[in-house]
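Chain IDs A, B, C, D, E and F follow the sequence of writing; residue 1 opens each chain.
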Amino acid sequence: MSHKVSVFRKEHFNAAHRLHNPAWTEEKNILIFGKCNNPNYHGHNYDLIVKVVGEPDKQTGYLIDLKMLSDLIKENVLEKFDHKNLNLDVPEFKDLNPSAENIAIIIYNILRDKIDKSLELQIRLYETERNFVEYPAN
Amino acid sequence: MSHKVSVFRKEHFNAAHRLHNPAWTEEKNILIFGKCNNPNYHGHNYDLIVKVVGEPDKQTGYLIDLKMLSDLIKENVLEKFDHKNLNLDVPEFKDLNPSAENIAIIIYNILRDKIDKSLELQIRLYETERNFVEYPAN
Amino acid sequence: MSHKVSVFRKEHFNAAHRLHNPAWTEEKNILIFGKCNNPNYHGHNYDLIVKVVGEPDKQTGYLIDLKMLSDLIKENVLEKFDHKNLNLDVPEFKDLNPSAENIAIIIYNILRDKIDKSLELQIRLYETERNFVEYPAN
Amino acid sequence: MSHKVSVFRKEHFNAAHRLHNPAWTEEKNILIFGKCNNPNYHGHNYDLIVKVVGEPDKQTGYLIDLKMLSDLIKENVLEKFDHKNLNLDVPEFKDLNPSAENIAIIIYNILRDKIDKSLELQIRLYETERNFVEYPAN
Amino acid sequence: MSHKVSVFRKEHFNAAHRLHNPAWTEEKNILIFGKCNNPNYHGHNYDLIVKVVGEPDKQTGYLIDLKMLSDLIKENVLEKFDHKNLNLDVPEFKDLNPSAENIAIIIYNILRDKIDKSLELQIRLYETERNFVEYPAN
Amino acid sequence: MSHKVSVFRKEHFNAAHRLHNPAWTEEKNILIFGKCNNPNYHGHNYDLIVKVVGEPDKQTGYLIDLKMLSDLIKENVLEKFDHKNLNLDVPEFKDLNPSAENIAIIIYNILRDKIDKSLELQIRLYETERNFVEYPAN
């Protein structure tokens, strides 16, 4: 049994995207991505839950100050993604399809560099209330 | 006191949009609409609640069959709006800003023609969990 | 403008039911009620919101003690409906189809007798998160 | 039928409070307010929904800019109430019991002075998911 | 650390059930299962979350097409369970008590046969908002 | 792969608290804990999810009777925490800061003694919808 604690912070952003593979024909894109391939884009209210795992500090009782974690997410993720077109406005998706899976991996990579290496990190991203992903899997 | 019943059906759609007034300068559009003016669009998961008011039928105990109401909304609203760019793909917003208020009014007008005139109708539209509108007001 | 306050208490119950009109043929029942006509019943987690409207008391700041309102709902509604088969176990539905509309009307009638006549009463009943009703309509 | 639109903005705050009537004996306070009379206070995550009703502006499609409404609520309500002890830190409750009903009336009175008189205003306040109030009633 | 992603799809169904062990006396059944032993059945809105774990495809950015996963759940689970009496209408529960634990195990077994063996599978089933189960445990 | 099942029971309590380290100066307390250091306390609606993991019983189909688990939580946790001031009314926090992390650890320790050692236990505690913790981490 672990003596570690997990803490979670929920944030959200609103963005447009389109699923598309430029190596494929238009027909194959429509076949695979359906309505999500609309060339004029569609959009979502993304809910993002960031999980951080480690040992709480004895002095504060905190694993990590959730206000600081929230600010970190706002500065590094929400500033880049909120009210944006993921395909056009976010360089990480220039050559990468903005599927929920890939968005979660990109957010993980952005935050992994900003959070102490002794702490484990996991991203849960809701594209809708019914479709969501986690990275890395546990 | 009314002896009428209200019934409600919740549906949802995902769409991209941009708030913009073409009669204004770029500066004024940014000043008024802020991040919502992003020329590349952003998007939302819209939750739509349709309320119908009237006297239930004695034979069925139904005011209106909610399966039929759901199908009516799917055929007339979701088909037009879901996974679409409201500004580019939906003719009603060609010259009308797709604010939550205007989207609710358009949905009301679409459904008002399809639902028996003896029944009252009201639209509630959630643009996000925190921002929502109703039309007509009561 | 009213100077009145509305207070709301949310409760829930789980019940089985079947929609059926004994005056109709089996074919017509299936045509009208579809899957809800299953002779072996199906069921729901019903969420019930009771709204009471009036002037708050100066001494307490309460319109009505919500603990007392909750107890009133438990004794008079939940005791009768929770973990029951509405068609077989609840006498009010012996000759009345347990549609969401009719369940709300029955709950209103039960509680109307127990709550001071100077207070207005309204029932909202969720059969599912997506299908719900209010009685009386406002 | 109204041609007006309602817009809603949801905010939240966390506060401690105690229900108590200093004109009563300790016994009567415990009898009436039960656990809510704890002299050391208890607390809630209050969810606040502000509803504004009127005619949308033709130029913007907005009834009211929800960013401005959100800022107005933050400056005038959340600054006073969030992470506070309502009985000790908020002057409006010096001689007024901070029941959900009274908190909603106080918030209404604060915001009524800040919002254009041509617009109707209503407050919904959730003390818990199961206990909530509206002022004024409609 | 895993390089795998988890994807989740939420569906729901409404069903009646009764908890009962035919090997026991009526008294023991009532003692153990309480209100859930009602011989006339009661019911629930079950929320079902299916989790699939594996490596996303480079061409699509998808681990699994959530539309396909949703259709798979609809055809193999919802068709059998929705608007049904689990005890009477679903053969898997002929000799198995339809507790939330057993329903989750049955759904797992149904879907395990339909989903690529290289992908891990987990079922979360909500009987109510407050009572839920996962299988297999992690 | 485990053949175990997890079952979850959700409860809630409302409490006041203050984050404070008596070994620090007032300035340092305000710097570290911000608004959470208010000497007059603030409060929360805490949502508590208790997870128990093990093998279901063949006779009942239950891992653990959720009514019994709910009663166990009510008697041992809610009685101590609900409508209380965590700093002043709960002895466990006399010398321990009532951060969400520490509240979850205390609840785990209380329940660990009451639940069969063959069953694993995990606590998830929501301080707000956006800030929550789990102990032990998995």
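The rule is short, and it goes like this: a residue touches a chain if its C-beta (ideal position, glycine included) is under 8 Å from a C-beta of that chain, and two chains touch if they have at least 3 such contacts.
Predicted, not measured: the structure shown is a model, and the values here were computed from it.
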item	value
Joint neighbours of chain F and chain B, given as chain labels	A, D
Shared interface partners, meaning chains that touch chain A and chain D	B, F
Interface residue overlap between copies chain D and chain F, same or different (over half shared)	same
Most widely separated chain from chain E, with each centre as the mean of CA atoms	D
Pair from B-D, C-E or D-F with over half of its contact pairs in common with C-D	B-D
Centre distance in Å when chain B and chain C are each reduced to the mean of their C-alpha atoms	28
Length of the line joining the C-alpha centres of chain D and chain E, rounded to whole Å	41
Per-residue overlap in chain D, given as positions that touch at least 2 other chains	120, 129, 138
All pairs of touching chains, each written as two labels joined by a dash	A-B, A-E, A-F, B-C, B-D, C-D, C-E, D-F, E-F
In the complex, chain A residues that touch chain B	12, 14-17, 35-36, 38, 40-45, 82-85, 88-89, 128-129
Chain D contact footprint on chain C (complex, rising order)	1-11, 53, 56, 59-63, 65-67, 120, 138
For the chain D and chain C complex, residues of the former touching the latter	19, 21, 23-24, 32-34, 96-102, 104-105, 120, 129-138
